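Structures incoming, each one as structure tokens.
What follows is subunit A paired twice: with subunit B in the first complex and subunit C in the second.
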Partner chain A sequence: MWPVAIITFYEGVRSRVLYGIFIFSLFIMFLSVIFASFFMQEIGKVAVDFNLSSISFAGLLISLSLSVGLISKDLDKKTIYFVLSKPISRAEYIFGKYIGLIFVIFFSYIILGILTCIPLLFLQSEYQLYFDTFSWLSYLQAIYFDFLKLVVFNSVIIFFSTVTSSSFITMLFSVSIYIAGQTINEVVNFISVNMVGLEMSATLKMTVQTLKYAIPNFAVFDFKVISAHGLLISVEEFFIFSGYGVGYALITLLLAAVIFQRKEFL
Partner chain B sequence: MRTAIFLIVLLLLCATHFWTFDKTYESKRRLDRLVRVDYVLPAEFSSIVSLDFKGLIADFQLLQAIFFIGEKIDKEERISISDWRCFKRIIKTVNELDPYFFDPYYLGASMLVWGPGMYEDAIELLEHARKYRSWDRRIPFQEGFIYFYFLKNYAKGSELFSLAARFPDAPAYYATLAARLAYYAGDHESSILLLKNMLSETGNKEIRKMYIKRLTALEGAIVLERAVADFKEKNGKLPQNLEELLASGLIDNVPIDPYGGKYLLTEGGRIFSTSKFAEMKK
Partner chain C sequence: MIEVVNVSKMIKKNNFRNIKVEILNNVSFRVRENKIVSIVGPNGAGKSTSIKIIMKFVRATSGSVKVRDGVKIGYLPENPYYYDYLTFRELLRFSTRAFKVDSRSAARQIGHLSERVGLSHCLDKRLRTFSKGMVQRAGLAAAIVHDPDLIILDEPMSGLDPLGRRMVFDLITDLKSQGKTVLFCSHILSDVERLCDEVVIMHKGSVHKELAREDLIRAQKQTEIVVSDDPFVRKQLLASDMTFEVTDGFLNVYVLAGEINNALNILQDNNIDIVMIKPSEITLEKIFEEITV
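For the complex of A and B:
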């Protein structure tokens, strides 16, 4: 499993896509300096919003550009036969690919995290008065949970990569799940409130209640808003949220491994 | 030769580019202004489509609100009540997306009270702010100011100032201010004290402009009230009108009301203005 992970990591780090995304993020981060100065009081909050959003967006782009084609590329180029001829099981191959990918994202997040400190430190020194609620720990909290969101999202991408050999369909399914995962919280909130004049069918309610366990709830990993105000969650909540993310990713990967084991290569 | 032609063409293209950019920019601005922007996406919807970029969308929406009203103020255009309602809806959406965000509460409440006098709406925003920003002394202070200054509800105003004074980081004079305002409710000097405090806590140009205008108007009233008091002390009676005060030599001239009204002397010796310290329609 580890050799697959290491190869995937090197392959990812060498990818030119990664450089493009870094340059894009750098540009966005420095834009944050200009954007933040449009505001009156909470310049720190706006700067944090901008930088965390650019990290998050870059993370999504990295996931979609690297993960989607990860397995289909091996299938297309037939390199999968070479890998599986080695003493590596199909499940190990899936887990190895996934771990390599997570290392690439972790590595990218460390670099993006360090880069975003530059505009933040600059703004902090310029507008010291308007950074009173800013906290580095809270900032780190948001980056950690955003990374955790990608841990889950990439497991979903790997899952769809094993279901279909087309990278386009994998991308389509993954993006759909991403949007559904971001909105499922709101939908569940909406149907749990009894609104006057709005009758919901019992079937619809039940479908949503079932779907909420199947679809990853990405909204729970979004700590950008509260971190922008320097707020921290409790240690207990930290472990519950982390447990949910890691648990969901493991279940998805196990299912992906099962599907991949039964897959016939043409 | 070829290089020269290339450079001339490039120069011409650049000039055309600058010209077309300015033209298209101006035209687009004019065209956008033809369409009445009075529809704001409901907060619930914005929250869903923002995915995990709620904070950033809130920032952009606030900028939209600032430009929407700021441009009208800048151009001294008439701002209708439906414009103000639209402004309030944008502010509400921003705070639904990010309920901890201070700027929209502060800007929204300030503009709504000083502009159209939508006091209840401003208080609604600040009540919402108090639920989320429970650590922020500026929120009860601003709410107390609205109760005290605009609604003349001195008891509620003083209660909120006292609440602000109880915060650990509150300046010591907050408590004195609360007590003093409770006692001297309604006089111009207390209002000046309050306004000076509000002025020291804001960096926003538009809001500062509004405060300074009001301060100038109040200071004019105070100059006159003091002269009236001197007149009474000297002559044993109140002057009939401001002309009599002027003739007595206690003042050199009647101050100008920045809101465009005229200062008047009431029977009790208090000074008011025909503008009621609100923008007069031209």
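For the complex of A and C:
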């Protein structure tokens, strides 16, 4: 598994796409300095939210650009023959690819996190009054959970990569799941609230319940607003959310490994 | 080392209509230890599919493939493509890491093999800068860097210039002398003829002929010297280590083009009368043509 993870990491960090995303994020982050200055109040909250959003957006772009083609490219170019001719099982290949990719994202998040500190430190020194509730720990907490969101999202991308060999279909399904995952909480709440007093059909109830657990709930990893207010979650919540993310990714990858095991490479 | 028994493979031609085609039909052959075996055949004969079944990339619909337990395999795919941003050294390190070769041995092997394939100056260059021939050489090094017992090469000469082909030829010969077993597919029959101990000729998904070393030696001989059949003559020919065949009361002695003078001297020294000298009609190419055309 580790040899695959190592080459995936090397390939990922040397990809030109990654540099393009970094430059774009850098531009957006420094734009936050100008953007935050437009506000007469809450400058600190706007700056934190803006920088966390740019990290999140960059993370999403990295995932979509690197992860979607990760396995399909190996199948298209037949590199898979070279890798699987070594004593590497198909499950190890899936997990190795995933771990390499997660390391690339982790590495990118460290750089992006450090880069966002520059505009934040500048704004903090300029507008000290508006940073009274700001907490670096809370900021780090938001970055950590955003990273965890990508841990889950990339497992979903890998899963679809094993279902289809087409990058386009993988992208289509993954983006759909991402959008559904961002809104599933609201949809479930909306249906429950609107169904009060009305009898929900058993089929609809079952569909909603199934979707609630099948689709990853990305909203639980969104700590941007909490971080903007400098708040921290309890240790118990921290482990519950982390466990949910890691558990979901693990189950998705195991399913991906089972599907990949059955594949033939003609 | 490898035993392929009655292997057949059906694939779906049309997913919607469930139409299936048979791309391998009862394929059987054996690769014995320390032998160089080649699978030859025209495009679509089933050579690569047979190799992919041995490598477990594809499952056989029926039949079985047995590879000796615990054997280390080195594999070169057809027209290999590797990771663009990796260097040649990293590609080789991937192979040694996967086979858990210790760092010291790995470094030694990487140095030795990169030199052997003529790419020692490119160890730290990225593979995306390599030409097709260089990728092929790199792939060959990556296939054997972990010192495998069994080497499976799918079209190893593909994309190589004459010098590259020579290098592969010498490399395979060296591997045999080190006690390794080699199975490869090739279109270049002259190399197959000279290199192999056994040849499996495939056509339309079936094995049409298996040639042993003796058949190949005969196929290599370019000239036939026809002499009268006689027990004494046979004895003399055997004593002189000459290859011959009995046909219609004559003995056909097969001689390589460059050894005619020597062969004639041996025959004259033994007072053997020569009836006729003619070009040999048996070559691997001829056998191949008879099967495939």
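As a working rule, the second predicted complex is superposed on the first by the 257 of 266 C-alpha atoms of A that agree within 3 Å, B and C clash if a C-alpha of one lies under 4 Å from a C-alpha of the other, contacts with A are read in each partner's own complex, and residues count from 1 in each chain.
Note that a contact is a pair of C-beta atoms (placed from the backbone, for glycine too) under 8 Å apart; a residue touches a chain by one contact, two chains touch by 3 or more.
As the structure is a computational prediction, the values presented were derived from the model and not from experiment.
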| item | value |
| --- | --- |
| Three-chain arrangement built on subunit A, subunit B and subunit C clash or fit | fit |
| Which of subunit B and subunit C A:264 touches, first, second, both or neither | second |
| Subunit B versus subunit C as contact partner of A:15, first or second or both or neither | second |
| Contact breadth on subunit A, by residue count: subunit C or subunit B | B |
| Superposed arrangement, angle subtended at the Cα centre of subunit A by subunit B and subunit C, nearest 10 degrees | 160 |
| Which superposed partner A:86 touches (first subunit B, second subunit C, both, neither) | second |
| Contacts of A:41 with subunit B and subunit C, given as first, second, both or neither | first |
| Partner chain(s) touched by A:77 [first = subunit B, second = subunit C, both, neither] | second |
| Which of subunit B and subunit C A:212 touches, first, second, both or neither | neither |
| First (subunit B), second (subunit C), both or neither touched by A:7 | second |
| Gap in Å between nearest CA atoms once subunit C and subunit B share a frame through chain A | 33 |
| Subunit C-contacting residues of subunit A that also contact subunit B | none |
| Interfacial residue positions of subunit A with respect to subunit B in the complex | 35, 38-42, 45-46, 48-50, 52-53, 56-57, 146, 149, 179, 182-183, 186, 190, 218-219, 221-222, 224-226, 228-229, 231 |
| Subunit A partner contacts - residues on subunit C that touch it in the complex | 11, 49, 52, 55-59, 73-75, 77, 79-86, 90, 94-95, 97-99, 139, 142-143 |
| Subunit C partner contacts - residues on subunit A that touch it in the complex | 2-3, 6-7, 10-11, 14-15, 77-82, 84-88, 264-266 |
| Contacting residues of subunit B [partner subunit A, same complex] | 44, 47-48, 51-56, 58-59, 62-63, 66, 97-98, 100-103, 106-107, 202-204 |
